[in-house]
Every structure is written in C-alpha cells, then in structure tokens.
Amino acid sequence: MPYVNIKVTDEGVTMQQKQQLVTGVTQLLSDILNKEPKTTFVVIDEIGLDNWGIGHDLVSDLRQKTNQ
Amino acid sequence: MPYVNIKVTDEGVTMQQKQQLVTGVTQLLSDILNKEPKTTFVVIDEIGLDNWGIGHDLVSDLRQKTNQ
Amino acid sequence: MPYVNIKVTDEGVTMQQKQQLVTGVTQLLSDILNKEPKTTFVVIDEIGLDNWGIGHDLVSDLRQKTNQ
Amino acid sequence: MPYVNIKVTDEGVTMQQKQQLVTGVTQLLSDILNKEPKTTFVVIDEIGLDNWGIGHDLVSDLRQKTNQ
Amino acid sequence: MPYVNIKVTDEGVTMQQKQQLVTGVTQLLSDILNKEPKTTFVVIDEIGLDNWGIGHDLVSDLRQKTNQ
Amino acid sequence: MPYVNIKVTDEGVTMQQKQQLVTGVTQLLSDILNKEPKTTFVVIDEIGLDNWGIGHDLVSDLRQKTNQ
C-alpha cells in the first residue's frame, strides 16, 4: 500500500531510468518494510525548470549560469 | 475548506468526466462532513503512463501486455 | 490505480465518516472512470486548525470568531 | 529544508512572476523561521482549468461565465 | 484559488509564525498573481525529524551532530 | 534537487528502517539520475490505518479481518 511520489526537474529522464526508479523504490519498500509490490504505487513528476526554485533562483537560471 | 487531489493515469479523461468527479466529490464532502462547496477544491492530475509504476512495472508496459 | 488525497481540517471526523468518504470516492472512480477498486487508494489527511490558512486567517482564529 | 508547493491555475504565469514567487516565499521562510535558502525548495504546479474544480464547477466553466 | 503546501521540520513553529507564513504567502499571491485571498489555501505540514532525510541523513541525526 | 515523498501506513516503522529508506532512495537517485544527495529530500508520511482506504475498505478493517 505505499504511495511514493518522486519529483525531479524535467531534464530528459528516459523511460529506462523511470523503470529503474520504479523497480528500485518498489524493491526497497519490499525489502525494508515487507510491502506488497502489487499494491505499491510510484508516481514520477517531471517539473519544468522555470517551475522549481532553490536558494532564491529558478533552476532554469541556475542551469544557464552553469552552462556559461 | 477541503482540498482533494485525484491522481489518475492520463488515458483520455473527458471534460464531462472531470465535471462528474468534481461534482461527485464535492457533494460527498457536503453530505458526509457538511463542508461548504464554495471553498471545496478538487484538483485532478493526469499522470503519463511512463510516469506511474505499480508492482515493478510502468503502466505503459502493463497496457502493452494487456493489448497484445 | 487512482490515488486520491483528501485534506480536511482536524475537527472530529469519525471512523464511520472516513469509511463513507472512502466508499463514496472509490465508487465514483469506478462508476465514472471504470477504475478497479482493489487498486484505488484514498488517503485522508486531518490538518490542525492552526496549520490551515484561508483569506489571511488561521482556521483556529476563524472558528473562535464564529463561536463568539 | 522547507519544501513549498504552490498550485495555481494554468493562466499564463510569466517567468518573472515565478521568480517573484520563489524569491518571496524563500525570503518569508528565512525571515520567519530562519530557514536556509540554499536548501529551500519551491515547486510551482500550473493546473489546467478543466482540472480544477471549486463549488461544483470546473474553473474553465467559471471563466466562460465571467467572460460572457 | 491557489493551494499552497508548506512542509517544514517539526521544530516548534509557533502559532504566531504560522500566522505570519499564511499572511505573507497569501499577500504574495495577491500582489504577484492578483489571486483572491478568500479562496487562497495555505496548509502547513510539520514533519518529524526522523521522517525527513537530506543527503543520506535523517534530520534528527543531523541535529544531534550539530548539538555535540 | 529531487523531492521524494513516501506514504506508508502507520504500523511501527522504526528509525533504522526510515534511515534505510532515506539512504536507499537517495542512492537510487544518485545512481540512476546523477542527483546530488546534499539537495535530495526524502519525506516519510505515516498514515493512520483509519485514514487509508483501499478497495472500499479502511486499512484498519482489513487488518482486523486478517487478524481474526
């Protein structure tokens, strides 16, 4: 019955990586808390870089500074 | 003052169905908990099939297996 | 596979009312979107009155004004 | 370490307004609770007007009524 | 119609500070996005120190190291 | 910058298990998406058994049926 929500910035997460995250998290909950995989939800939200702020900055600006 | 968030997979929920969900949930909260509809929020998130995992699988894969 | 989160103020929601909310919401998702009840999660969060603000006020203050 | 999630309707929030929201909320948490900006996350979700209900109505319908 | 959720660690946030957060965030949304305070929700979640992890550590452990 | 929220039923998750979940999830995000642990948040919510419904039932009822 766990519900896990993973929020990451929208920077090209591949389907394979999403599968790895789902499998990895589901396995962790099974191993650590003995939770049933068939009723374990993992939902991944990919957030636009303009829509995520950290330390007063939008991530889109942070990425631009890093690329300069 | 209730805030209700409904997360479903992004599989063609129509505007009419969204209206039915909003009306139905708002009415439930009014009937059961006497909550004021004018300050009852219902937010529907439609999640991509690659972004929802259950039982180690991505829903997109599950749907493919079902359609084969 | 729906995940529904209901946030209400912590004002004595009874177990029976929680059961009615769970049944009602699960039935709505089954009727409207044909979702499988066995993989429909409904999570109810009861929020302290000091922890919910609306229109600049804490709900605890609003309730006090109403009761005076 | 605060995590703040702002959900608003998807009605043309500009990048500049998002920056103002991030800066304003981060500053509030620093001033009021002495939280470190470098580990303060602010995530903005822009919700489609068909996906937000209030008082039995979808916001898209409310907006149409207002514009008539 | 904004819904804002603020998650902070459960470290003695006073009612006055909660009021300041609610007022400050509501005012920001009014000033920046012209949102109506009467339908602006701000919900504050206070998370136990054992229930928040950052950089592989539980915050409770981080606080212990800082206090030694 | 990932934010991960894990919701599980409130059934005696130990501090050690919480540490394992935090470490495991943080490591997954580092290995799979190369995310920086120092800005990876993992928040664990423990939900009362009366507050979690699945398949029309409250988990508290499900647990009672299982224990009979």
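Here the chain labels run A, B, C, D, E and F in written order, and each chain numbers its own residues starting at 1.
Following the convention adopted for this analysis, a residue touches a chain if its C-beta (ideal position, glycine included) is under 8 Å from a C-beta of that chain, and two chains touch if they have at least 3 such contacts.
For clarity, every value in this text was computed on a predicted model and none was experimentally measured.
Taken together, chain C and chain E share the touching chains B, F.
With centres defined by CA atoms alone, the chain at the far end from chain D is F.
The copies chain E and chain F differ by a rotation of 120 degrees on their C-alpha atoms, rounded to the nearest 5. Chain centres here are Cα means. That of chain B falls 21 Å from that of chain F. The mean-CA centres of chain B and chain E are about 26 angstrom from one another, to the nearest whole unit. Averaging C-alpha coordinates per chain places the centre of chain B 15 Å away from that of chain C.
Multi-chain contact residues, meaning those touching two or more other chains, occur in chain B at positions 1, 3, 7, 21, 25, 39, 41, 43, 52, 54. All chain pairs that touch, listed by label, are A-B, A-C, A-D, A-F, B-C, B-D, B-E, C-E, C-F, D-E, D-F, E-F. Across the complex, chain D meets chain E through its residues 1-9, 13, 17, 20-21, 24-25, 28-29, 32-33, 35, 39, 52, 54, 59. On chain E, the positions that touch chain C within their shared complex are 15, 18-19, 21-23, 25-27, 37-46. Put simply, chain A touches chain C in their complex at residues 1, 3, 39, 41, 43. The touching residues of chain A, counted against chain D in their complex, run 7, 47, 50-58, 60-61.
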